[in-house]
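To keep things clear, I will list the structure first and then write my remarks on it.
Each chain carries a letter (A, B, C, D, E and F) given by its place in the written order, and its residues are counted from 1.
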Amino acid sequence: MSQINEMKDGDEFVGFYLIKESEVKQTNTTPPKDFMNITLSDASGQVPAKLWDATESDKELFKALSLVKVQGIVQLYREKLQVKINRIRKANAADGVELTDFVRAAPAEPETLVARIRAAAAEIADAEVRTIVAYCLDKAGDRLLHSPAAKSHHHAYYAGLAYHIVRMLELGDFICAQRPFLNADLVKAGIILHDIAKPEEMVSELGIVSDYSNAGKLIGHISLASLWIAEAAFKSGIDPDSERVMALQHLVLSHHNLGEWGSPVQPQIAEAVALHYIDSLDAKLQMIEDALESTASREDWTPQIRGLENKAFYRMKL
Amino acid sequence: MSQINEMKDGDEFVGFYLIKESEVKQTNTTPPKDFMNITLSDASGQVPAKLWDATESDKELFKALSLVKVQGIVQLYREKLQVKINRIRKANAADGVELTDFVRAAPAEPETLVARIRAAAAEIADAEVRTIVAYCLDKAGDRLLHSPAAKSHHHAYYAGLAYHIVRMLELGDFICAQRPFLNADLVKAGIILHDIAKPEEMVSELGIVSDYSNAGKLIGHISLASLWIAEAAFKSGIDPDSERVMALQHLVLSHHNLGEWGSPVQPQIAEAVALHYIDSLDAKLQMIEDALESTASREDWTPQIRGLENKAFYRMKL
Amino acid sequence: MSQINEMKDGDEFVGFYLIKESEVKQTNTTPPKDFMNITLSDASGQVPAKLWDATESDKELFKALSLVKVQGIVQLYREKLQVKINRIRKANAADGVELTDFVRAAPAEPETLVARIRAAAAEIADAEVRTIVAYCLDKAGDRLLHSPAAKSHHHAYYAGLAYHIVRMLELGDFICAQRPFLNADLVKAGIILHDIAKPEEMVSELGIVSDYSNAGKLIGHISLASLWIAEAAFKSGIDPDSERVMALQHLVLSHHNLGEWGSPVQPQIAEAVALHYIDSLDAKLQMIEDALESTASREDWTPQIRGLENKAFYRMKL
Amino acid sequence: MSQINEMKDGDEFVGFYLIKESEVKQTNTTPPKDFMNITLSDASGQVPAKLWDATESDKELFKALSLVKVQGIVQLYREKLQVKINRIRKANAADGVELTDFVRAAPAEPETLVARIRAAAAEIADAEVRTIVAYCLDKAGDRLLHSPAAKSHHHAYYAGLAYHIVRMLELGDFICAQRPFLNADLVKAGIILHDIAKPEEMVSELGIVSDYSNAGKLIGHISLASLWIAEAAFKSGIDPDSERVMALQHLVLSHHNLGEWGSPVQPQIAEAVALHYIDSLDAKLQMIEDALESTASREDWTPQIRGLENKAFYRMKL
Amino acid sequence: MSQINEMKDGDEFVGFYLIKESEVKQTNTTPPKDFMNITLSDASGQVPAKLWDATESDKELFKALSLVKVQGIVQLYREKLQVKINRIRKANAADGVELTDFVRAAPAEPETLVARIRAAAAEIADAEVRTIVAYCLDKAGDRLLHSPAAKSHHHAYYAGLAYHIVRMLELGDFICAQRPFLNADLVKAGIILHDIAKPEEMVSELGIVSDYSNAGKLIGHISLASLWIAEAAFKSGIDPDSERVMALQHLVLSHHNLGEWGSPVQPQIAEAVALHYIDSLDAKLQMIEDALESTASREDWTPQIRGLENKAFYRMKL
Amino acid sequence: MSQINEMKDGDEFVGFYLIKESEVKQTNTTPPKDFMNITLSDASGQVPAKLWDATESDKELFKALSLVKVQGIVQLYREKLQVKINRIRKANAADGVELTDFVRAAPAEPETLVARIRAAAAEIADAEVRTIVAYCLDKAGDRLLHSPAAKSHHHAYYAGLAYHIVRMLELGDFICAQRPFLNADLVKAGIILHDIAKPEEMVSELGIVSDYSNAGKLIGHISLASLWIAEAAFKSGIDPDSERVMALQHLVLSHHNLGEWGSPVQPQIAEAVALHYIDSLDAKLQMIEDALESTASREDWTPQIRGLENKAFYRMKL
């Protein structure tokens, strides 16, 4: 079985893959014929494929998120690899393959990641802050096991959100140790809560976002998280106007730093500034790390990265 | 008794005034002496005044928001009128003057304004929307009788907020009649709720804002109003995820139109666009109307107005 | 005869339609063959169509703005409806169809709209302002009966400009009644004149703009309108430096509010601010109303609208 | 008689000077006393002066634009030179001094400058363009002999506008010779007309601008110049819609290059781009040359210059 | 032999051309076939061409920068001219054609241009400045004979950089004559050095830029030129901290005027402002001149030009 | 001896202080008298003071950076503490006080800080990178012991630059451990070099910046550091065009992230992004920590901080 990032021109192969995207197109012949553009993927990467002379049954069967067995040939076409599909069928129980084996995912088990988040939440000293964080984690629930952190911006894969939070918690611990004037409870809570409503903002399956929800568009994950905190306070009998609830609201609302980036207020407590920069640092470095990994090692430059001033990144040879 | 906007150079006068601002300064003589810069105001306008050789008792007595009786003389100083205070004392019960007579206020009784808002709220056809609006009006409570709409931007006077809402409701009714595709309930609710948390954002007395509250700075009136709506839903047993609650949240959150103006989401329903422009139209025209009124009629140009691209406005002579 | 907004997958139909756009393309076969992409439209909407194996005669006959009789079939292709044309011919006198019946138009008779504008112009109290407005209406002449208000931004259809002016006049009357300090003559004149040179800025037929004129590009409709006012004053013996002509010039020049939106000066009289916001309110709400109407009722969201921060709009289900 | 730019600490002097600005201030003594802050100027520069214990007569006599005889002493005060006035009186006929000798002025006779502009205008080959330019020069009339090019931005002195035009004409001739594809008539005409309405935009005497006119604020010199061109065409029987009039309008309207700098349209003919850069080059270099000249030669850096990104400029020692 | 800018619909021709760009595409037939999109160019312009049924040998032979002999026919396709290639072969020695005859180039011999730059450099009076300029010219070396000034922005052709420098030197001489306060040595040196590292920033052949170099992307031509100056000083024993080296560094570093245009410091000496505007004036006017030349004379408007606010330019008919 | 941050209204005290700023002003009495505004400081903070009736000798003696003995009284004046100086003299050898005891400084010994930077530099694995870093540290020399990191933006005190570097190195180590794909040598080198030319950009004594140097203004610390790296390579025989020198140049040049913040290129290697965010995180949090410390503990809000979107920061009470 052939891993996608190891394919090269001329390879003939048989293997199982996940269809990530699929569309029907028509040739310009008279009469026109249908063919399919299919994006095959596995945990190592993805490659475009063509299925010529697609039947009605093909169009019905080979939709996005299907697991399929493919026999094909790899061709170099306009300097990029492309697969010509000769045979294709849906995977079945007898094949003994699992969908999740073919999905791009954070480099750690979702359960482990969520457990570490839960453990950090449990370490929060202030009882009311701890209660609110726990409530919001419960509300996110199982969605935290698979939700990506964004549609394509950063950590856009299975359990990407949980992975992002865990790495930020590590960085947060370091910063709080380096600067004891920071309130470690607030830094922890801010990290866990800042994107906690992302699973409600986006519609995703297997870490692949297909759309934003109506609430995601009309309210946005920042204000949704603020509403979750209010709900947590109401349901737990915590004074919604208390200093600590105000602090949590402020952390969530200000974490995009500027109005034009979606924050209705700007950071005005030290922990909010820390949160914003911890978030940026983790997101930006992950974008580059992921881009370098999914760029063929023979290439010096990654594609341009939107979240980094639309710059391509150079693979230093040192 | 001399009304401030009728004073002219050389007038000697006795009258009652409200101290709007007051500060102690020192002369550069050796030894330096204390004097006071006092802003006298009445319902018609305001004028700077000097109290030379201020005693400790003066400094204690003549603070902001005091009502005083003044005997003074009007002088033209560097092309502007200024009062030299000869005698001054605090007003007392025997004087029979009321603080509120000296305060700049909306051109309608606060009770009448609030009654009109209540009446509009009662006309909302949708029961849940009506319930939420009523809850928020109750939460604003008596503060709505006196709260200004802003610190200095627009409608910055006694009952300014209520007056702003009433005028917007009139305009909203017209627009909804002109364009039946708009949901009149949402337009009404959006107008009443959009600035409903302003009294919590600002600390004001007699329509004069002395500061922003901590919640005002850290959360802001837009997100505070969003939290009020959530509270209203919780307390009234209304589904917080329903279409109508989402619509109310969206109206409030988007009414500043752009991120850089404080809205975390941009308008994405027709009623939100209507709300934004009704708000702008009423606020901007009021700013000009107020500026023209408080500019001496012999002046062709008002001072520059910050909320209008920092432009001065011309008094057309047609 | 089948109305376009009622077509559904599988329909076979015969009907008359207006060709809104038409282009010849080539298949990639060897040798390549010509086919045509044609946009069919009627008053209810528009739909893309394909005419395969187009002959030289087809290419000559079926150009934009032709009225044609089509026999075809509706197909769902990549989630959108598309027509396959089986037979097509130009409409002729015997068919008894009128081009204008197939054109998207303002929801009122052009003659009625222009009559209402003329009536409003006649109500202007100031004789010189009235004379200038009348002169400019005469100069616009019959073009006002059909000119759209913009190429695609808003009111981009037959008589769209006149409709925009009429609705703004209604709103202007309301605002002037609500705020008597405004000069109603100037508001009326500003509304009628603000876009009066649009027909000179754009080349349009049947409300469809094909291009901007040279003067439109090099001078722009704002400065053109300013020149019309000057011409009106010269021809009518009115002092071009008078207060009222200066006011009219200012209204027209400042109505886009900001330099980056094309206004060489910013509003500095109250009526100019009113004009700008009345214009915005009417244009923006019309964009949304039109977008919701031409979006299939089964869709929750309109396409993105450029003039509204490029946001899609939600069809609230209340 | 002491020239201002040669004054140094401790000098006692007697001389004639022009009062450029004058204001009355009060000491903080009890009772306060009046003194005057007077800006003395001559053709070489300006210096602040103090007249203590000012009498009513002093306040009446020593206003801006008066020519006075002063006996005073130069003092270094907080690192800057300042004059203490001991005696002062108005200059009279017997003194044999001329106001214009004390005014900062372009380094050439106004009559010579205007003659050169007239000569360049007469060289325009196209009769209609030549007629329009001549008309506008006549309309500017004698104001061109003294008008500055701006209030403070650049060429802000007696005959500054004419000097600016003359130097631009020299540069324009060079560019047209270097690039024959440019239409030299249009370049000449654009240079002469681009700021021709400045004298109508600003109220100035002796090259000192005291204010902007109402038309200057509400219409602006760019649109005013456009109206002058239209007037020229009307009065001279030239078709206002002709290619050449359109070109002149475009040159004037676009010469600030961007909307945010006041141009309603952007340059779209080569000559308009040339005009914009010739204008910028001349204005910017003149600002620096003037700043270096009026900065004491012992200073390495000029004050910050607003029109040059608010940068100070360095006097290179090469 | 047919010159490209003289081709018209229906022409059959045989001639030699340079392939500027070349790509292989596939038809949508089953099985798909390869064809080639080739851009043919000569010194007069360029035209798209199609080579159907491309063989493996075709794909190998007809790459960018090949000189070929073509027999073809000109067709009007969607309002643009296009060539259908019937026969094509590589040019050979016997054909007696030179690659450079087919390349778009500056309108002067490269050797002449470089000689004029060398001559100007030799005229620099200050020995150290002259030495540094000479060192950098040597370092640029023969690359100056062919390097374009930019990838596509301006002077994007053979010897474009040298031509740009020569024309700027002419303009610089004029400005220095007009304004003697400018240091002519610095203006000359600034003009020669400002883009001197462009050949290191870009990878080009025959004036056609295929890519930016790694150093070009990571350091940029502005900082590279600064490093060349430092190297020149080190190698020539000139004090790197001297006033004149600082001046040269400043000229190069500030010549893009603003941070967002790539300059780490803003102009703070007069010569730097002169340099920036001389550079802009020459680049912008050349862009328009080139666009007008390569636009068919029957077209009134050029395509949009990115470096000029993305505006199209009008060919005035005067 | 009274520490400044412990002074309160009414205190009479004698103590030694550093004069941070000093200016002579004049009273408005006739004749005017001189007095001095002096800023007294010690390691705990600073307070304004007045010395009335200043003699010529006072004006000569009590300049900035003098160490003085003061007998005075603390007064509350307009809500702020101020000292009235009764007696003042210069400190002398017999007083046994050290200037450096009165200076605001980083919370660690300069020698320790520099030793830690040296140690980190010695750990760099790559010999050439290590050589260049060592060269630049040598060039900065003793200035690193006292130089602040900025004039007022952040770390604006004695040894502030060294402290900033040390804390960034700690954070850099953590990030490199967390993300092994980063090149730790480059991160270390980037941190040490990014502001290494600050001591050449600013003129400072005792950590107090009095001005920017000419090279600081005309070249800027970013390009100066780039030139230091080039010098290091030349002097050490390292290839200036090698991958590693290019990487160091890129790190320094891009560390302000955006052109408008002074970087001529944007980060295009992962380590450059890490460097920018480590720099921001350390600078921003230090600004807040310092502001909270120097704000009286009874105040809830710090003054506005320019480097943090001009926001004041809230002292959370948790």
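Quick note on the criterion: contacts are C-beta pairs under 8 Å (C-beta built on N, C-alpha and C of every residue); 3 or more make two chains touch, one makes a residue touch a chain.
Keep in mind it's a predicted model, so treat the numbers as computed, not measured.
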| item | value |
| --- | --- |
| Touching chain D and also chain E, the following chains | C, F |
| Any chain that touches chain D and chain C | B, E |
| Fraction-based call for chain C against chain A, same above half, different below | different |
| Which listed pair, A-F, C-D or A-C, duplicates the contacts of D-E in over half of its pairs | A-F |
| Gap in Å, rounded to a whole number, between the CA centres of chain F and chain B | 43 |
| Rounded Å distance, chain B centre to chain C centre (Cα mean) | 41 |
| Residue numbers of chain C (touch at least two other chains) | 26-29, 214, 217-218, 247, 258, 268-269, 312, 314 |
| Interchain contacts, given as pairs of chains that touch | A-B, A-C, A-E, A-F, B-C, B-D, B-F, C-D, C-E, D-E, D-F, E-F |
| For the chain E and chain F complex, residues of the former touching the latter | 214-215, 217-220, 222-223, 226-227, 230-231, 234, 240-241, 246-247, 249-250, 253, 258-265, 268-269 |
| Touch list for chain C against partner chain B, complex | 126, 167, 170-171, 174-175, 178-179, 181-183, 185-186, 243-244, 247, 257-258, 266-271, 273-274, 277-278, 280-281, 284-285, 288-289, 292, 308-309, 311-314, 316-318 |
| Residue ranges of chain F touching chain B (in the complex, touch as defined) | 25-29, 33, 35, 52-53, 77-78, 300, 312, 314 |
| For the chain A and chain C complex, residues of the former touching the latter | 23-31, 214, 217-218 |
